[in-house]
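Below, subunit A partners subunit B and then partners subunit C, in two separate complexes.
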Partner chain A sequence: MGYVAIKGGAQAIEGTKDVFEFLRTSQNDSHALPLDVGTIENQLRLLHSRVISEGGVYHPTLASLAIKQSQGDTLEAAFALRAYRSTQPRLVETPVLDSKNMRVTRRISSAFKDIPGGQMLGATTDYHLRLLRMELLNESPENFRKVTEILFENSSIDDIPDTFPKVLDALRAEGLLPEVNETTDNKKPFDITREPLVFPVDRSAALATMTRAEQGSLLAIAYSNMRGYGDVHPTIAELRVGYLPVLLPHPITGELTEVGEVEVTECEVVAMYEGDNDNEATFTLGYGACFGNNEVKAISMAILDRALQKGMNEEPANPSEDPEFVLLHIDGIDSMGFCTHYKMPHYVTFQSDMDRLRTTQKKQSKKESQL
Partner chain B sequence: MLERTLWVSALSALPSNELIEITSKLSEGWTLRPKSVPQAGLGMLQIKDSAFHQAFYLGEFPLASAWLEVTTLDGRRAEGAAQVMDDCIEIAEALALCDAILSAQLPGWEKVSMMIEKGLTLRNTINKERKMMLARTRVDFSLLDDTGNGEGLNNVES
Partner chain C sequence: MSLSYPFGFLDEYAKKEIRRTTLKAVAIPGYQVPYSSREMPMGRGFGTGGLQLTLSVIGKGETLKVIDQGTDDSVNAVSLRSFIEMTCEGVNTTTKTEESDLIQSRHRIPEKPLREDQILILQVPYPDPLIVVEASEEKRKTLHGEADYSRLLVKLYEDIVKFDEITISHRYPTRINNHYVIDPSPIPRWDVPKLNQSPALILLGAGREKKIYAVPPYTKAEPLAFEDVPFRVEDFNDVNGMRRCCQRCNCNNSFLDEFIDSKTGHKVYQCSDADWCEENTINNNETLEIANG
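Right, the complex of A and B next:
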């Protein structure tokens, strides 16, 4: 592949910025206001969650800004967040946090109806009709505000705990899950922001890569496994969304102190059991977690985690079990960059292609004339 | 009084301009000396996967930190420090100042204590809203009890 330096485009490139901004601001309505970042964070919260997760940095304000400046392009917005993070120094790492401490806003299981603490559906569209709500076309500010004022009247929260037990812990206590390997518990995780993926990779590298992967890519490969190019057959033991307190040691006392919280979606799947004469039969497991409220992503990640474990322990039998195939094709910034680079001038390479084609055509016509 | 490990959480619920304004007034004329360079950057979040209890990096978050030595007008000296999920050093410094004032009960500690109470109330309101969302969407499976299906975790052996 070859490139050639070109001149004459600077003015046009500057013009693209103006025209891009023109389209953002040219709404044909004298009352139109610019989007504020709070509106994006709240009213487009699932789009916001997606960007915050794929950007890999939990900065709600800058994620909103990224969405605003990219005019809703999730890949560009995540790219802008990644660019931001690359300019910032790394100050600390948290101790290993436990999602048992999550302040849950939604919690379901498709394995059992009666899970310890109960099932709470939270904010979801899972059970809604997928019909357009025409009344939102002309929503008045008064009606908009009224929703929050009346929604929770008469709700009793006395018996809602601060945190909930994990379904997997109960299954583990029953002896239905593999024992936890405490030797790997203290192992330093692989940092994908500092080191390139060189295969074979550790499971922590796979989890870190999937947690900031592009949702559609992750879903597509997980879907191939669900449809039959794989045999995970998952059951969701628990899917939870909530806020995880971020703890750091106090600089003076050393005591773990809450410095903030991050919204996280977490999914644990129980899959086909394994075992033989030498090993006790237990269910196999898959795990997914990511910033924000991204349930499709967390479920897809859990399925792929299980598939990749199989591929890491045995020969991959299908693409979704192949760590190299999965982990090198799910990053939105990488894949978008490769895709959009085709828009850049390839004048030299294409000129070369044309020269070769013409030469071949000439040779062909010469052969034909000799026949 | 709320334990020190929750002071940052409570105080950071307040509007940041209010926090900075009040702490600037409280420390007027005091000498503030950084014990370490105030910084803004990122923290990396490690989480334990609940399937195999292995740690991995979930992603980064903004972090500002400050550690100050404070000398009041009457010569009392104390240290305060704070780390907060924000990218504004001024907020971290204000929180570190509150940490010093409250831990050593320097002049104005009652004001800081009131701010913590106010922040805690805001946090509790948010937590209450979250719990109300759960209460409102809690699934009642009691109607299925007559079906005899052992679908509870207590029935996993059946």
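Right, the complex of A and C next:
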């Protein structure tokens, strides 16, 4: 008999690449075209948003490429983007960006009907009936192009303001929210890409971890809090989606200059008040923000931020308030990697397991025979 | 657009951080030093901690061996080796233990004794041996600092009460230099004695858990046990108490994998360390040729 150990690994790996690529290109249709990255960014924009947010690099073209090569697997696509990030040095830091300056495409509040600047629904599926639109099965290129031509026919783009005041500022002016703490605000934020999480960690480390987290993981833990393993009971003061200008100091003059913009979703939730005899009672806040248009993620993050603050100040009363439990289990790259690794050979460790089991069994049967 | 990668894939700042972390790990034997741990282009759990160590310490002209479960040709070893070949120009690879300057390994320490001029890098899935008795990392850190391993010893004791045997098969908790207890990575118990007073530097890297720790050369490494219940390696004796041999090279002092022979249906044993087995087989054939004239 031949050599039993797994030989031929190199060849087998090459083979899997070929078959994977075959499936990407094997559409049974003579008119099939390869997906171009622009199509992914635009027609699959929410998938694209998700990958760019979990990948943690704002690079729309490479995010599209990652989706294309991973054949639509969000975890794999975010993973490829994250790995690319490891090859890039961090050259500069932006100052803290004020989301007041966001070029808003959508903003809502569920706290007040009439918010300063007004509700602006923008693009959302929230109120759609989820009926399959059969007409899209065979969409003609002409109809496809016509949509963008007619949307602004009856309205002037100039009528829509670029920026909106923040709902929280109105609440704060009324004394319903705690004053902004200047000392914590000016603290240098924790950089999770350059420092490991050593517990206890501060709030900025928690926020940074959540902003790159896998959406499903974040949602599941936030949902546990909403359902009853927690008591945040949030109200969305403001949810906004839009483009945030990125500012960097000019290399010569040092003056802050806009170098581009990133699409961001931001959510601020207000939760029941806290207060003791020493401090005036106010509402508490939860904050969520991430790259791209990912509203479920931003809301989940805001709820968990509020839950974690409670857990950091008091003993965590449930999993969603426990910083270690939440922050160490929401990264998609980490969790999917470790899940996948169980497919690797574990022959040696299993051999060792069998040795322990057999020894124990032997001892047990010896004992039984002595009875 | 096209991409070109720096030597060792990681940017220079990342490699510098890992080297500094490694120095700290060597200076405090067995202490898990946290580091930021970059994402690598292979899955967390596939050896990204070991890989980051390898990429940070390897240089041009050095020779590397990569093994997974004892074999150089296992799928994951192949994938890691080809990635390192792709991103580290001027680095040589080998399958021979004695030819290598660096050995990156998952789940095994080579059978052939290592030398002072070699570095062994082990891939680690769970860096903390206390995880079985304490879920919170914050609390575990205190326990390590105080060298308080009583709960781990109680776990071993409970095993004995329940099963008349310590049931830990691999990842056997091992005390380094009389203080920190480490998880020596999922090596079998067979390999644990090789950690003790090893001439080679042993580095352990956990990428997902973001920790690096070390067993420096000639450092004491003792598996946790009791005076009356000593530590024991895997038993490869048959029912008659005879040591089983490798069916390929006849070696009777190596860690064996067991298989069912697909033709005969019988259980057979073979060395888990492929390079060791290959070398024995070649030596056996030479002896045979000399004997046959």
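Simple rule for what comes next: the second predicted complex is superposed on the first by the 343 of 371 C-alpha atoms of A that agree within 3 Å, B and C clash if a C-alpha of one lies under 4 Å from a C-alpha of the other, contacts with A are read in each partner's own complex, and residues count from 1 in each chain.
Here, contacts are C-beta pairs under 8 Å (C-beta built on N, C-alpha and C of every residue); 3 or more make two chains touch, one makes a residue touch a chain.
This structure is a prediction, so every number in the text was calculated from the model and none was measured.
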Which of subunit B and subunit C A:Thr253 touches, first, second, both or neither
first
With the two structures laid over each other on chain A, which partner does A:Glu268 touch: subunit B (first), subunit C (second), both, or neither?
first
Of the two partner chains, subunit B (first) and subunit C (second), which one does A:Ser204 touch, if any: first, second, both, or neither?
first
Contacts for A:Met336 in the overlay, against subunit B (first) and subunit C (second): which applies, first, second, both or neither?
second
Pick one for A:Thr39: touches subunit B only (first), subunit C only (second), both, or neither.
neither
Kindly classify A:Ala12 by the partners it touches after superposition: subunit B alone (first), subunit C alone (second), both, or neither?
second
After superposing on the shared chain, does subunit C or subunit B touch more subunit A residues?
B
With both complexes overlaid on chain A, does A:Pro345 touch subunit B (first), subunit C (second), both or neither?
second
Would you check which partner chain A:Ser26 touches, where first means subunit B only, second means subunit C only, and both and neither mean what they say?
neither
With both complexes superposed on chain A, which partner does A:Pro89 reach: first (subunit B), second (subunit C), both or neither?
both
Which residues would you name on subunit A as touching subunit B in one complex and subunit C in the other?
85, 88-90, 192-193
Which residues of subunit A touch subunit C in the complex?
1, 3-10, 12-13, 61, 79-80, 82-90, 192-200, 324, 328, 333-342, 344-349, 351-356, 359-360, 363-364, 367
Which residues, counting only subunit C, touch subunit A once they are in their complex?
1, 3, 5-6, 9-14, 17, 34-41, 43-46, 48, 68-71, 73-79, 82, 107-108, 125, 135-138, 141, 163-165, 167-171, 186-190, 208, 210-211, 234-235, 248, 255-259, 261-263, 268, 270, 272, 274
Can you list the residues on subunit B that touch subunit A in the complex?
4-9, 12, 36, 39-63, 65, 67, 79-87, 99, 127-139, 141, 144, 149, 151-154, 156-157
Inside the complex, what are the residues of subunit A that reach subunit B?
53, 56-59, 85, 88-100, 103-107, 112-116, 118-123, 151-152, 155-157, 160, 162, 166-171, 174, 176, 178, 180-182, 184-185, 187-193, 203-204, 207-208, 211-212, 242-246, 248, 250-253, 255-262, 264, 266, 268, 285-287, 289-291, 305
